[in-house]
Every structure is written in C-alpha cells, then in structure tokens.
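Shared chain: chain A. Partners: chain B in the first complex, chain C in the second.
This part shows the complex of A and B:
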C-alpha cells in the first residue's frame, strides 16, 4: 500500500510539474492573473469604497456576500463540532 | 537554463509540499496523520495562489498617499500605477480558503475524537476490523 501510494504521489507530482511549464514566470507583472480583472480593483477601489487597503475593500465591499457566506461556513462547522462531540447519556459508551 | 529554474522554482517547491501532504493522506493509516497531511496540502495550495499574485518591484496592495473620502473629487489628479501594487485578488480568495481550511480541520478533528471515543484507536485498519 505504501509503495503504491508513493508511486501515485510521484506520478501526480510529475504531472503537476509538467503543468507548471506553461505557468507565467514568478513576478511577471503581465501574467493573466493580474491583467484582466485586478487592475480595475486597484484603480477604482478608492473612488468606490474610500478604503486604501485593496484586500479589505474587495473582501468587505465588492465581495461582501461571499464574506457573509464564509460566516455561514464557520457557523456550520462550529455547530457540527458541538453536535459530534456532545455526550448523550443513552448511547454513552467508551 | 538557470533563468528558467528561477522563474518557476516557487511552483516546484509548492508541488513538493503538496505531494508530501498527498502522500500522508493516502498512505498513512493514522487518522490524525491524514488530517495533518490534508492541512499541508491546503497550505501548499494557499502558498501557490499567493505566489501568483506577486509582481516584481511592486508593493503590498495598500494605496500610497490615500485621500480617503476625498478621493472622488480628486480622482482625475491622482493616477494609480497598476504595476506598483501586487495583485490583491489571490490574497482575498486565500482568506476565504483559510476560513474553509479552519472549518474542515475543526470538523475533522471532532470526528476523530468521536471515533477514538467509540473504538479506542486511531489506526484505520484496526477501526475497519472493529467495524466488521
């Protein structure tokens, strides 16, 4: 099992390293990730939200509903932790 | 050749880190070690995304000389150079991913505590034997 897992790991790693050959270079200012949407956030964030920190303005203003959904995730995780760890007297066994 | 390695080595480091976590997830039999592997895997993904945000010779995505609420009136006067700030979007998405990571870690550890309470072991093979 350990040998099989190691082989699968090495194959997956080789595939991913092959995939990085098409990635943009480290620190490239014209990479696709930073040339389509993000310039709009950088230039317009002060006019739209009057917040100097762009990460904050995207998190709390542009993507406010996403952050609201995040709190739902945290709430669900907390509730499920309580429900899993709660000791019930009827089915109590160690 | 050296330039090629320098322009891609960050991705390779994160792939090696990710594969360490992947191996722990599929080959270890201890459930806590599997969870640690999952955490390493997620951390590698977060590092990968943050590294795609980097632009050389750029600073943090916090505006210099910000005018706050007065910015709307003087917008034409101040020109913001996009290449001066690194890409803020991967940072925001990885904040969301960190939240999901903490949530999954918490629930997974709670399930492991529950399994240990019921079966008295964390070894996967012994648990499967006990179920049968």
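This part shows the complex of A and C:
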C-alpha cells in the first residue's frame, strides 16, 4: 500500500509539473492574464472611478461582488464563534 | 479570562495610545483611495485598539465602553451597509453594486459617485471587520462565558 501511494504521489506530481510547462513565464506582459483585462484596469481606473489606487478600485468597484462575499465570510466567522462558544445564562448549568 | 491588572505603566501607555491607534485606523480607511489600505486593514486596526482596551482594562470596564450586543449589531450593520449600497443601485435602475447610479443622489459626476461608493463600501467593511475581530477575541478569551453570565459554583464562596 505504501508503494502504491508513493507511485500515485510521484505520478500526480509529474503531471502537475508537466502542466506548468505550458504556463507563460513569470511576469510575461504577453500572457493572457496580463493582456486581457488588466490593461483596461490600468488605463481606465482614473477615468472610470476617480480613484488613483488601482487595487482599491478593482477590489471594491470592478470586483465589488467578490468583496461583498468576503465581508459575508468574515461576518459568518464571527457569528459562528458566537454560536459555538458563547453560552447564555439559562443553558450555562447543564 | 481577562482581569484587570493594576499596572500603572501599561494602563497609562494604553490610554495614551488607543486614541491614536483609532485615528490611524480611520486614516487607513478613508485614505484607501490613495495609498495601501481600506476597509479590511483599517477595520483590523480598529479592532486591535478595542482588544488593547480589553487587555489593559479588563472585562468589567470594557463591557461598559463596548457592550457585546453593540458589537453583534455593528457587525451586522457593516454587511448591511455594503449590501444596502448594492440594492440602492438596483433601486436607481442600475446593476447590483453599480455605484455610478448613485450620482443622482450625490449630485456629482458618475466617476466621483463610484469613488464615493467605494468609500461607503469600505466603511461597511470596516464596521464588520472591527466588530468581528473584537467579538472573536472576546469569545476565545472568555471561553464564551461572559462575566455577567457567570454564576458562582455551588459549594464555593462567591
């Protein structure tokens, strides 16, 4: 079983490394990630949102729905801590 | 459980530092348009100032300045501000979170309306993060049993 696990691990690792060979170089300006929508953010942020900080305008404006989800995750974490840990007076003595 | 320790150096330094920490947190939130920062970072700094108050003053004093119910309400209000701005944009015949539609209400051009919309959203995020930070610290430091809920155990003197 150990040998089988080792073979599966090596195979998966080799597949993943083979997959990275097709990836563009790090910081390549012609890669799809930096040629599709990024130039628009960089050039139009000041005109669209009057916000010099591109990170802020992408975070809260262009990708605002995502940030709403992030805030909800944080809110849910707080509520979960309250629900799991906090005990009320009535249920304190079990 | 966090009790108040009578330490004049710690409590004096904390009393001097807390207003400046909170001022800096507000700066980080409001200046997120121009420098690194924003709702998440500023909210965490605000929460840290509240945690510092709790650590140096103890629960008995902190619960008068920051009641637990207020903390829960504030975290809900933060998410509500964010979602409320989104729904307000729908009411103004735009898409969800399309801040440029707020220009009608704010009497500015659409680009500046989007800038102000970002600010409003960051304030909501700041509220939520601040309240959740403090709430989680409170729950973990007390084990969930808040001081006023605690009853003396049977057989021991209170």
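As a working rule, the second predicted complex is superposed on the first by the 75 of 94 C-alpha atoms of A that agree within 3 Å, B and C clash if a C-alpha of one lies under 4 Å from a C-alpha of the other, contacts with A are read in each partner's own complex, and residues count from 1 in each chain.
Criterion: a contact is a pair of C-beta atoms (placed from the backbone, for glycine too) under 8 Å apart; a residue touches a chain by one contact, two chains touch by 3 or more.
Quick caveat, the model's predicted, so the values are computed rather than measured.
Between chain B and chain C, more residues of chain A are touched by B.
Judged by the touch definition given at the top, the superposed model places A:6 against chain B, while chain C stays out of reach.
By the document's definition of touching, of the two partners only chain B reaches A:31; chain C does not. Shared-chain residue A:68: touches chain C; no touch with chain B.
Looking at the shared chain after the overlay, A:16 reaches chain B, while chain C stays out of its contact range.
When the two structures are aligned on the shared chain, A:81 is found in touch with chain B and with chain C. Applying the stated contact rule after C-alpha superposition, one finds that A:53 touches each of chain B and chain C.
Residues 47, 50, 52-53, 55, 59, 67, 70, 74, 77-78, 81, 84-85, 93 of chain A lie at the contact with chain B in one complex and at the contact with chain C in the other.
Residues 6-12, 15-16, 18-19, 22-23, 26-27, 51-56, 58, 61-63, 66-69, 71-72, 75, 80, 82-83, 85-92, 95-96, 99-100, 102-104, 106-107, 110-111, 113-114, 117-118, 120 of chain B are the ones touching chain A in the complex. Those residues of chain C lying in contact with chain A across their complex are 32-36, 38-40, 72, 75-76, 78-79, 82-83, 86, 96-97, 99, 111-112, 114-115, 117-118, 121-122, 124-125, 128-129, 131-132, 135-136, 139-140, 143-146, 149-151. Within the complex formed with chain C, the residues of chain A that make contact are 47-53, 55-57, 59-61, 64-65, 67-68, 70-72, 74-75, 77-79, 81-82, 84-89, 92-93. Across the complex, chain B is touched by residues 1-2, 5-6, 8-10, 12-13, 16-17, 20-21, 23-29, 31, 33-34, 37-39, 41-43, 45-47, 50, 52-55, 58-59, 63, 66-67, 70, 73-74, 76-78, 80-81, 84-85, 93-94 of chain A.
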